[in-house]
Amino acid sequence: MKPTYKTGLAAAAVTVLPSLAFAQEAAPGFDEIGPYIMTTLLFCMAGFLVFFMAAGFAMLEGGLVRSKNVTMQMTKNIGLYSFAAIMYWLIGFNLMYPGDSWIMAGWVGPFFSQTVLDPVGVAAAEADLGYASIGSDFFFQLVFVAATASIVSGALAERIKLWPFLAFVVVLTGVLYPISGSWQWGGGWLAEMGFSDFAGSTVVHSVGGWAALAGAIILGPRIGKYKDGRVNPMPGSNLALATLGTFILWLGWFGFNGGSQLALGSIGDAADVSRIFANTNTAAAGGALAALILTQVVYGKVDLTMVLNGALAGLVSITAEPLTPGLFMATLIGAIGGVIVVFTVPMLDRMKIDDVVGAIPVHLFAGIWGTIAVLLTNSDATFFGQIASIVIVGVFVVVTSALVWVILKATMGIRAPEEDEIAGLDAAELGMEAYPEFGKGSQIT
Amino acid sequence: MKPTYKTGLAAAAVTVLPSLAFAQEAAPGFDEIGPYIMTTLLFCMAGFLVFFMAAGFAMLEGGLVRSKNVTMQMTKNIGLYSFAAIMYWLIGFNLMYPGDSWIMAGWVGPFFSQTVLDPVGVAAAEADLGYASIGSDFFFQLVFVAATASIVSGALAERIKLWPFLAFVVVLTGVLYPISGSWQWGGGWLAEMGFSDFAGSTVVHSVGGWAALAGAIILGPRIGKYKDGRVNPMPGSNLALATLGTFILWLGWFGFNGGSQLALGSIGDAADVSRIFANTNTAAAGGALAALILTQVVYGKVDLTMVLNGALAGLVSITAEPLTPGLFMATLIGAIGGVIVVFTVPMLDRMKIDDVVGAIPVHLFAGIWGTIAVLLTNSDATFFGQIASIVIVGVFVVVTSALVWVILKATMGIRAPEEDEIAGLDAAELGMEAYPEFGKGSQIT
Amino acid sequence: MKPTYKTGLAAAAVTVLPSLAFAQEAAPGFDEIGPYIMTTLLFCMAGFLVFFMAAGFAMLEGGLVRSKNVTMQMTKNIGLYSFAAIMYWLIGFNLMYPGDSWIMAGWVGPFFSQTVLDPVGVAAAEADLGYASIGSDFFFQLVFVAATASIVSGALAERIKLWPFLAFVVVLTGVLYPISGSWQWGGGWLAEMGFSDFAGSTVVHSVGGWAALAGAIILGPRIGKYKDGRVNPMPGSNLALATLGTFILWLGWFGFNGGSQLALGSIGDAADVSRIFANTNTAAAGGALAALILTQVVYGKVDLTMVLNGALAGLVSITAEPLTPGLFMATLIGAIGGVIVVFTVPMLDRMKIDDVVGAIPVHLFAGIWGTIAVLLTNSDATFFGQIASIVIVGVFVVVTSALVWVILKATMGIRAPEEDEIAGLDAAELGMEAYPEFGKGSQIT
């Protein structure tokens, strides 16, 4: 409730009393509560930035699909975020951070235990003064799982049906991501093995990428994409929207990487968060420029979609270690991510794996690169720890998600009927066009 | 002025001296000034998030109107925000928070008294250390009043003329909203009656909703909307834009509800803000999923515009009490908001009340529900206090805004000429199309 | 790396130890480290807001060009941001803030010295406790230089080739902007002369505006823009996008001006930041309303693009002094900015200077006005200091940027071939349309 601004000194005092009380009774002063407040604020701020990445993914994907599938892509994106939020609350968070008795306690016991927040107005004595509030930590973790699911959404666009896609999201965000995530951030065996993945090149991006790869193979390419040995381009319907999405994702990444410092209460932590901001930014610039220059050199024309994906690949690449590199190494790591995108997008097409928005090159291939690149600047990381973890997470996610895709295929069916795909999922499955008044100029089957 | 970074130690010291001085002279240390700084920061941060909701409303409405009225909708939205900002500075803020001598002093005395900010570089001794800076409080309150006006803009789209709409906004934001708001947040009789409305399900959203309802009835439906006993669908022209608007609004709501904690300087307040973030997020997810599932079940097809409005209704529903619920109750409260939207959108159509974007179901009906739902988790709220306040605010806003609408109708006229409405307000009233190059495929009268 | 949430007390303690250690060893407490942390946070937060202005410029420009040049405009915007980020790291930052031995040391010595961030986990003893972390300061300064380059992008749209434009950006962001910026914010002769430009009406906006003006004259107008003594309107293709861009820029400006307080660690600084927020907001509202009313009065119709540019001109106008005005003066200063736009946009057309998006009126003319308006409220500013600095910066930027434009014209050529311009740069130079499926209704050459 808002205070009664001017008359309301009494009311306002109620709110303020706790903190004044600290000072007066020599109870915890700002020296002791400052770090908790700052880190809680960091999580809230970084959390809303990462939340906004949901809009970024939606715009990026909505801009890169054809106009006949835009309503569907919007529906999938708001649906996946919502299901991710619910599943991570019901199952995921406690499964991923299972507490003292890891593995079985985490697995069996709190499997269905929901997240419980700090009580209203929690007292300093009951709070974890060395960290942050549960609500802020939970919210920050929650928005990460949604990013993972968004990756899958883009790769499988334009041909997967709505409900099987959402069913996969439920399993991915409630179970698969939390399990592999717990191995690293929950203090599991990868963490013990010395695996280093600061903000999730592997834990978030590759997991989404592997799940998308499994899905793309099982689902098959769009009708007409690979015909008579040729790759049939199916240009995105709205590159302004795709560019907006990329900028929103770039913005969100400051929260994604910066918030993963997990602390803002000391000089070192504050400086580190800002260091991460600078590195994240320059890696994205490096990735964008690498793609800009490379597409000019290789194809004789700059390719905007490659530049957008180059920036995103730069961001994914720096995510495993945005803290230890200097600006030069961060730029280089990001630039190599951009190079990877330019060469692997056509590679996937040659393999007839149809990834509509380039999510697999950006999130999986650049994610692997970023995870290896940790070795360049962080001496705590080991070659074995990084490679083994990439492989272990990859095998786990590919096997389990393939299993889920196959089960969904056998039960609900995952692929839209051929006539629906040709007509567009918007008209056929949802009965609602995204741009009902914009004439169709050069629509491609 | 920026400091001269490296040479500028002397210059920088000037800025820093005050705070160093505190430490050296044993003047107020961070224990005493920390809460003020943190709460001021909270208001600034929450304020820019809520400001951005102006863009969210513009995109949502611009996506849900037909392309021939998009320029007008953009003009109305930037115009209403600007008028709201000026009116709230000139009249509204002091009218809403009238200070010690409530009612008449607030009404007569400072009626035309403008808001005056803290002096530049205000000293700690002159600042309200138990709260926050006037500038931050004023800015945070100001962005709320703009949200109220945006609600009206969407409901009355596609047929109201620009200037009468803006004239209504002037009265709403300068006088009507501040008066009913003062009854609650200004320490007036609803507050004394025990009414509980944390961030404004009633004070903001229902007020906008009631004003929109009065306007929609007096203005009448769009030409051809209800013809021969049938409801003629008039699909939105750009669902990608509408989805973007929804995500922006969702983002802004973290500031809307989180900032309404009005304090960030203690452990309890920081934890509460994060608790509000988590609850706000899950309520939106609950509302979106309820609409997603319900439209599938009821209509056999998921309806994206219902899902978007479902998320928004979830947000409105949790706004009256985003703090005390746990995650389960917050999800449930939001989900019921989504259900309300799915059932009341067609209900309004049956009553031939033409609400172009669904603003009345989302902001009024879900706002009423959210205000009642406070009773589920906040034992300080009373059934009488909630219900009486809903009715009192409703009667006040409906009567006064109907009066304003009727006066505007009798003087300026509020409705665009029939031929303008058919041609589109963009071409007819503004002479400027929003999408002059996009062919018109299936335009509907 | 994320802590192992529940099991991870030991791991979390590692992070927290430094700050706890402070308390226990009577090492620097929050009284001493609080201001550094708060200011570092201010720079990070303001920095991400200003970063997002890159998206704002892209959307504004993308909405105001014709659809055949949208892909190019997107490419230029993400390209310019990326080049700005790299150049400012490699050269610009150290050139602009050259340290103790100004001028020659800054010019010759560190010319190619890259920015070096604070070490990871910098100790309090090594940090500049009176200011903020290098990473945060660098990031905040970096996003400003990108804004400067964006201004040029809009004015020269629809006819300049990609690579010469990017080449100009490299020089502007790496050398020109840092040099003139160093005269003021780097502690150079303009600063010593008493020039006052809080957040950069001249240092950022006019610099971009002058460079754009020089470019627009040398480049010449678009084909068909001025024909037979008439000005041929070439309406923007997407006014919803342009409106979104304006709102994003408005949002970013809270960081632009608010962050330029450069401190958040004292009562006075926190209150000042919020004062700047309130003034920035009201100046934008004043500019928008001035344009809204004036276009109605002068042309008989409200002109949305003028309203958008009016808001932006209000923001530019208040940027030189967002702190000292009260709300009335801030509104007035912004409103005059809006008036300037309405009268100078057609003036440029009469001079046959083709500025596609109105960047020169908004950023240059309103920037000059804002720089002079400092005299209205800040008694430290002198008439001579303001006027002389406007002239000095103007002459410097016009001469140097004209030189660069002429060299580029003589070497790479800056203007797209006539047939490319007519066909649209998207198809001709990039081979990729932004909206390949939206029928072309009333395309204008």
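Letters A, B and C mark the chains in the order given here, with residues in each chain numbered from 1 onward.
Just so it is clear, a contact is a pair of C-beta atoms (placed from the backbone, for glycine too) under 8 Å apart; a residue touches a chain by one contact, two chains touch by 3 or more.
No experiment lies behind these values; they were computed from the predicted model shown.
A.B. asks: Any idea what the CA-fit rotation angle from subunit A to subunit B is, to the nearest 5 degrees?
C.D. replies: Here the rotation carrying subunit A onto subunit B measures out at 120 degrees.
A.B. asks: Compare the two sides of the subunit B and subunit C interface and say whether they are made mostly of the same residue numbers, over half shared, or of different ones.
C.D. replies: Interface between subunit B and subunit C is built from largely different residues.
A.B. asks: If you average the CA atoms of subunit B and of subunit C, how far apart do the two points sit, in angstrom?
C.D. replies: Chain centroid spacing, subunit B to subunit C, equals 29 Å.
A.B. asks: Where in subunit C do residues touch at least two different other chains?
C.D. replies: Residue numbers touching two or more other chains: 29-31, 34, 41, 45, 238, 244, 435, 438-441.
A.B. asks: Applying the document's contact rule, which stretches of subunit A touch subunit B when the two form their complex?
C.D. replies: Within the complex, subunit A touches subunit B at residues 1-9, 11-13, 15-16, 18-20, 22-23, 28-31, 33-34, 36-37, 40-41, 43-45, 47-48, 51-52, 54-55, 58-59, 62-63, 70-71, 74-75, 77-79, 81-83, 85-86, 89, 114-118, 120-124, 127, 129, 132-136, 138-139, 142, 162-163, 238, 241, 244, 429-441.
A.B. asks: Considering only the defined contacts, which subunit B positions touch subunit A in the complex?
C.D. replies: Residue positions touching the partner: 29-32, 34-35, 38, 41, 45, 49, 66-67, 96-100, 102, 130-131, 137, 184-187, 191, 196-198, 235-240, 243-244, 246-248, 250-251, 254, 258, 260, 262-278, 281-282, 284-286, 288-289, 292, 296, 301-305, 307-308, 311, 323-324, 326-328, 331, 435, 438-443.
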